[in-house]
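The structures considered in this document are given below.
Heads up, the next two complexes both have chain A, just with different partners, chain B and then chain C.
Presenting the complex of A and B:
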């Protein structure tokens, strides 16, 4: 038995143990501890298995079946191993955090059992080497996450409607994936990935399958237009569940897209790349725009996931397009950037959602307009959230920066090889993509300044925020690990990049190596990034300046008595501060046509006076344009059709009997003709 | 001697089957329909017995006794018992008797046309009479569609079942004993279940008009 096989069997055993403990331990407190630790161990087994597979270890488990098709084999390759590691690391953090955060509903038997099932399914999807086992674990993952959300159904009424959206969208993307694989299997006559990979990418079946699979996997990766479940479901989920869904599950969608573009159908036609890029660009822009005006912290983070996944797909699409143009170096670099972005997104988004979970636990409030001043009350959470927010805004010395830098470099260098324009398509698409990324990056900066600044800085805007306390140690540990991952991957990106480059072989062979302490040298496009040198140089320049400022500040005496008037500044009240809504106001004005906000201003007068105002209540809600303009009409149409169909199906037994009778007569008449 | 009488006997039995089915469409009284059903059961049993005598198989004779007991006696008795125990509710069908009889005629013609296509190669007496079975199936279905009371529905269902049995006996010379046993028990069971169900309906709604069953409840 190889280590990979042992690792996968270990995951099965730990799943059984975790489910058993979730069902059998009677006390909620101990159930959380035992099941949480077992879930963390399950995820840790996934980390180890994935790491071995990523470093080249092999092993195969065959699921016994009597169905007449290719055998169901679980055998992660390097790419599968990579995704398994990413997903499992998030799983470890989420499980540990869950131990501390789980209260009544989230510590229920259902919640912990389905958490284990969810993690297990997610970790083994990348190990599948054939369509059936892939779809099997895909569905286990979806069912686990649905049951996990359902566990909170009892406490909040809104969960039910969110779940209906989630289930419908999951089934829709499952349908697309199933249809896509069915087309491939029909064209090649096999169900194993090795058999599917024999299809010629230029055939029409390949193109049809590609479009179906892209829609299906895009739905799991929260891309527009299949993203509508995200802003409903993630705010309803507790922090650790949202972290597992938004930090880990989306990567399975990315893995699916990678499977198609890297493993099954590499060297696809150029329009595939353009299609992926368009989908990614629209998702990135739409996601970050919605995030920048959201005032619910979890909704903001949920939409930011759509943005980041959009960028991942943008990179992937650029890679496909450039490869079609034979700009191999840039194509490999773009693919590498997409992978880097996926890994860094997993790190910072998990941390951000865990941070949001910590805030929710301490304040029971997710509306940014009612938070504030948490930085001094929850220093650890604030620090971790801040580091992750830097990553999400793609600022230097975080993993997000490395990824977006690599993506930009690939796109900038992509449209020319040796000074020659490679094709008209890419010389139009690449600058457009760069512009999209630039706009996205700017809006992301604004979004996360808002998220961090309004929630953690300034003064508390509500009593709950004033009374907030730091979360217990078991919840701080995953937060800190997450933040360290974000910073660590940003400072030392070399080894990770080399590992990623090895994962996408043999179809793609990015030429990258580590330079300096742990910098990146992408030789395919001749660029070098060494964050540690950058930090050292910055420190060399900044430290003397900082020292000079401190020394000169000491020379000035400090004021002991407050100024009598101080420009009104000495009597600042929390309500004078910026709120999340007011901070995003300029953006709402600029993007009014896309966002279509509805404002509700309610003025209460003092007594009978028309001029004295007691209070003004302003509420602004931004609707999801795609939901109101696309899904609502479609649903309305379906409902109208349903009403029509009800005339034929009115519940009368006689009518149903008549249908059968008439059908029988018609058959007989046809036979006798 | 028997060979010359055989076609007449087959014709007599199947004629009785068709006649009783048509009369059931005509009559509205539930008890009259049940009596007709009993006659139909006897006719079916006689048909099976004639086929058994002609083929000289003892097993088919046993089957005919079984059919006599179940379809001629047990089922009509169960239905009549249920109907007598309650207040008489006569059927107000959706089709008046004249239209009903016309439809029966059309259905019979249709089944002859269909059967002439399906069994064109078979010239035996039994196969010649098979359209009667098909006509009974269609008439049973017609009863199901046009009758409102649960009891009449049951009768329609039984006529349909008799039609299937008739076709089976005429075309294949009878089914094996154990199979017939199973089918008879099945039908008996279904009737008992529906009988209980109709009783519950009456307790709940005061009548057994299935037109009122339109909505699903948890």
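Presenting the complex of A and C:
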């Protein structure tokens, strides 16, 4: 038995142990501890298995079946190993966090059992080498996550509707994936991925399958227009579940797209690339725009996932387009950038959601307008959240920065090979993509300055925020590990990039080396980045400044005043501070046409006076245009159809008998023709 | 390698000395044009010295951000002075003056300033911070696209190589593509450095404040670092702009006379551009905040035109 096989069998065994412990341990507190540790071990087994597969280890498990098709084999290749590592690392962090954070409802038997099932399904999707086992684990993953979301259904009314949205959208993407694979299987006559890969990418079946699969996987990766479940579902999920869904599960969607573009149908026509890029660009812009105006921390993070996945798909699409134009170096770099974005997103988004979970636990409040001043009350959470927010805003020295830098470099170097313009399409697409990324990055900056600044800086805006306390050690550990991953991968990106480059072979062969301490040297487009040198340089230029501060601080110590100057106002209350809503107000005005905010201002006057105001109540909601303009009409239509259909189904036995009779007649007539 | 490090250090020292002077000259020119006596060109230097020798006062509810933010902004501006091709274009080992890296370095400073504005917990600070970030978000596409357009003739996104290409082939400078990109870049830099017509640097009226609103709560050395950091950023970006328009005098091969010429050239160019900017600002009024996006959209269109034209026409 090879290590990979042992690792996969170990995951099966740990799944059984985790489910058994979740069902058998009677006390909620001990259940959280035992099942949490077993879930973490299950995920750790995934990390080890994936790491071995990524480094070239092989092994295959066959699921016995009597169905007449290609055998169901689990055997992760390098790419699968990579994705397995990424989702499992997030799984470990989420499980550890869950030990401390899971309470009454989220520590129930169902919750912990489905957590284990969810992690297991997610970790084994990338191991599948044929359509049936892929879909099997895909559905196990969906099932586990759906049951997990049920946790709070008894106490919060919104959970049920969120769950309906989630189930419907999951099944929609499953339908697209199934249909896409069915087209491929029909065209090639096999169900193994090796058989599917024999299809000519220029055939119409390939294109049809590509579009269907792109929609299906895009739905899982929370892309527009299939993202509508995200802002409903993630805020309802407990912190560790949201981290696992948004940090890990979306990567399965990306893996699906990679499977299509790298493994099954490499060398697709250029318009595939344009389509993926368009989908990615729209998602990135729409996601970040919604995130930047969101006031609920979890909604903000949820929309930001749509943005990040949009960027991943933008990179992937650019890689397909550039490959079609024979700009191989840039195409490889764009693919690497997409992978870097996926990995860094997993690290920072998991940390951000865990941070949000910690804030939720301490304050029971997710509305940024009622938070504030948490930095001094929860310093560890603030530090970890801050580091991850830097990553999400793609600032140096984080993994998010390295990824975005690579993507921009690939795009800038893509349109010309040896000074010659490669194609008109890419001459227009690349500058537009650069602009989209730049605007996205700018808005992401605003979004995360808002998220961090409003929640963790300044003064608390409510009693709950004033009373907040730091979370226990078991919840701090995963937060700190996550933050260290974000910074570590940003400081030393070289080894990761080389590993990623090995994962996309043999179809793609990016030429990257490590340079300096652990910097990236992308030979294909001739660019280098060594973040450690920037840190060293910054330290160097700051030395005299720090010396000046020390000297100055000795002579002129800092004085603390209870009241800031505040423009001379002395009756300054915490409520007078800027809130998340007011912070985003200029942006709401600028993007008024896209966001369509509804504002309700209610003024209560003192007595009969027209001039003295007693109270002003302002309420602003920003709707999801895609939901109100696209989904609502479709749903309305379906409902009207349902009402009509109900007339035919009124429960009368006579009517049903007559239906049977008519049906029989019709059949007889058809047969006799 | 040694010459490159020497030039980088030289740039650093020169700009720390030069940037308060630049601000002093700009204020003095403006004062004279407006019929005032002005406070002399050394006033910014005196201000910094005065601020460092004062006790900083911090609000009780503020966090470590109020102390760390100003230093971060200063560090980001100092790094700009080290990395940009100002005096010379000699490449540092492992640290190319990569456009995207430099923009991110600058954004660290932008973010630090915005967080400082929020930290004191006052309405002014939040307002300035919000407006500042909105403008920063909208400027970024223009900024990146403009330099992308400039990078196409050189075939690289390394700024020092772009400047060298323009030095060797001056025809590039007056090509329509380059002109479009330069106009777009100039507008983006005005917005980034909080100058007219986007922000009024000499205002103390709440409705017109962007940058000033964020530094209201800072005092003592915190304020000194914030001011110096902002001045350094302005000087460095003006230096970049002037080297792109007039690349002559930039040091490409290390030699002692070359260094002196480089120092003199960049000083003269920056002061010249500063005076021109100052004269221009006398005739400009600040644009209303919600008209700023239109201005930026216009400059974005120019930049996009520049990029696509350089592919499709060339």
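Quick note on the criterion: the second predicted complex is superposed on the first by the 645 of 673 C-alpha atoms of A that agree within 3 Å, B and C clash if a C-alpha of one lies under 4 Å from a C-alpha of the other, contacts with A are read in each partner's own complex, and residues count from 1 in each chain.
Here is the rule we use: a residue touches a chain if its C-beta (ideal position, glycine included) is under 8 Å from a C-beta of that chain, and two chains touch if they have at least 3 such contacts.
All values reported here derive from a predicted model rather than from experimental measurement.
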{"item": "Superposition on chain A - do chain B and chain C clash or fit", "value": "fit"}
{"item": "Contacts of A:458 with chain B and chain C, given as first, second, both or neither", "value": "second"}
{"item": "Touched partner set for A:657, first chain B, second chain C, both or neither", "value": "first"}
{"item": "First, second, both or neither for A:373, with chain B first and chain C second", "value": "second"}
{"item": "Partner contacting more residues of chain A (chain B vs chain C)", "value": "C"}
{"item": "Which of chain B and chain C A:403 touches, first, second, both or neither", "value": "neither"}
{"item": "Touching partner for A:556 - first (chain B), second (chain C), both, neither", "value": "second"}
{"item": "Partner chain(s) touched by A:582 [first = chain B, second = chain C, both, neither]", "value": "second"}
{"item": "Chain B versus chain C as contact partner of A:438, first or second or both or neither", "value": "second"}
{"item": "Inter-chain angle, chain B to chain C through the CA centre of chain A, in degrees rounded to a multiple of 10", "value": "150"}
{"item": "Smallest separation of CA atoms, chain C relative to chain B, angstrom", "value": "55"}
{"item": "For the chain C and chain A complex, residues of the former touching the latter", "value": "12, 52-65, 67, 71, 74-75, 78-79, 82, 94-96, 98, 100-101, 104-105, 107-108, 110-111, 114-115, 118-127, 129-131, 133-134, 136-141, 143-145, 148, 151-152, 155-157, 206, 216-217, 220-221, 225, 289-290, 293, 300, 304, 307-308, 311-312, 314"}
{"item": "Residue ranges of chain B touching chain A (in the complex, touch as defined)", "value": "94, 110-111, 113-114, 116-118, 138, 141-142, 144-146, 148, 210-211, 213-216"}
{"item": "Residues on chain A engaged by chain B in the complex (per definition of touch)", "value": "650-654, 657-658, 660-661, 664-665, 668-669, 671-672"}
{"item": "Sites on chain A touched by chain C in the complex", "value": "292, 372-373, 375-376, 393-396, 401, 405, 408-409, 412, 415-416, 419, 421, 424, 427-428, 431-432, 434-435, 437-439, 441-443, 445-446, 449-450, 452-454, 456-459, 515-516, 519, 526-530, 533-534, 537-538, 541-542, 545-546, 548-549, 552-553, 555-567, 572, 574, 576-578, 582-587, 589-590"}
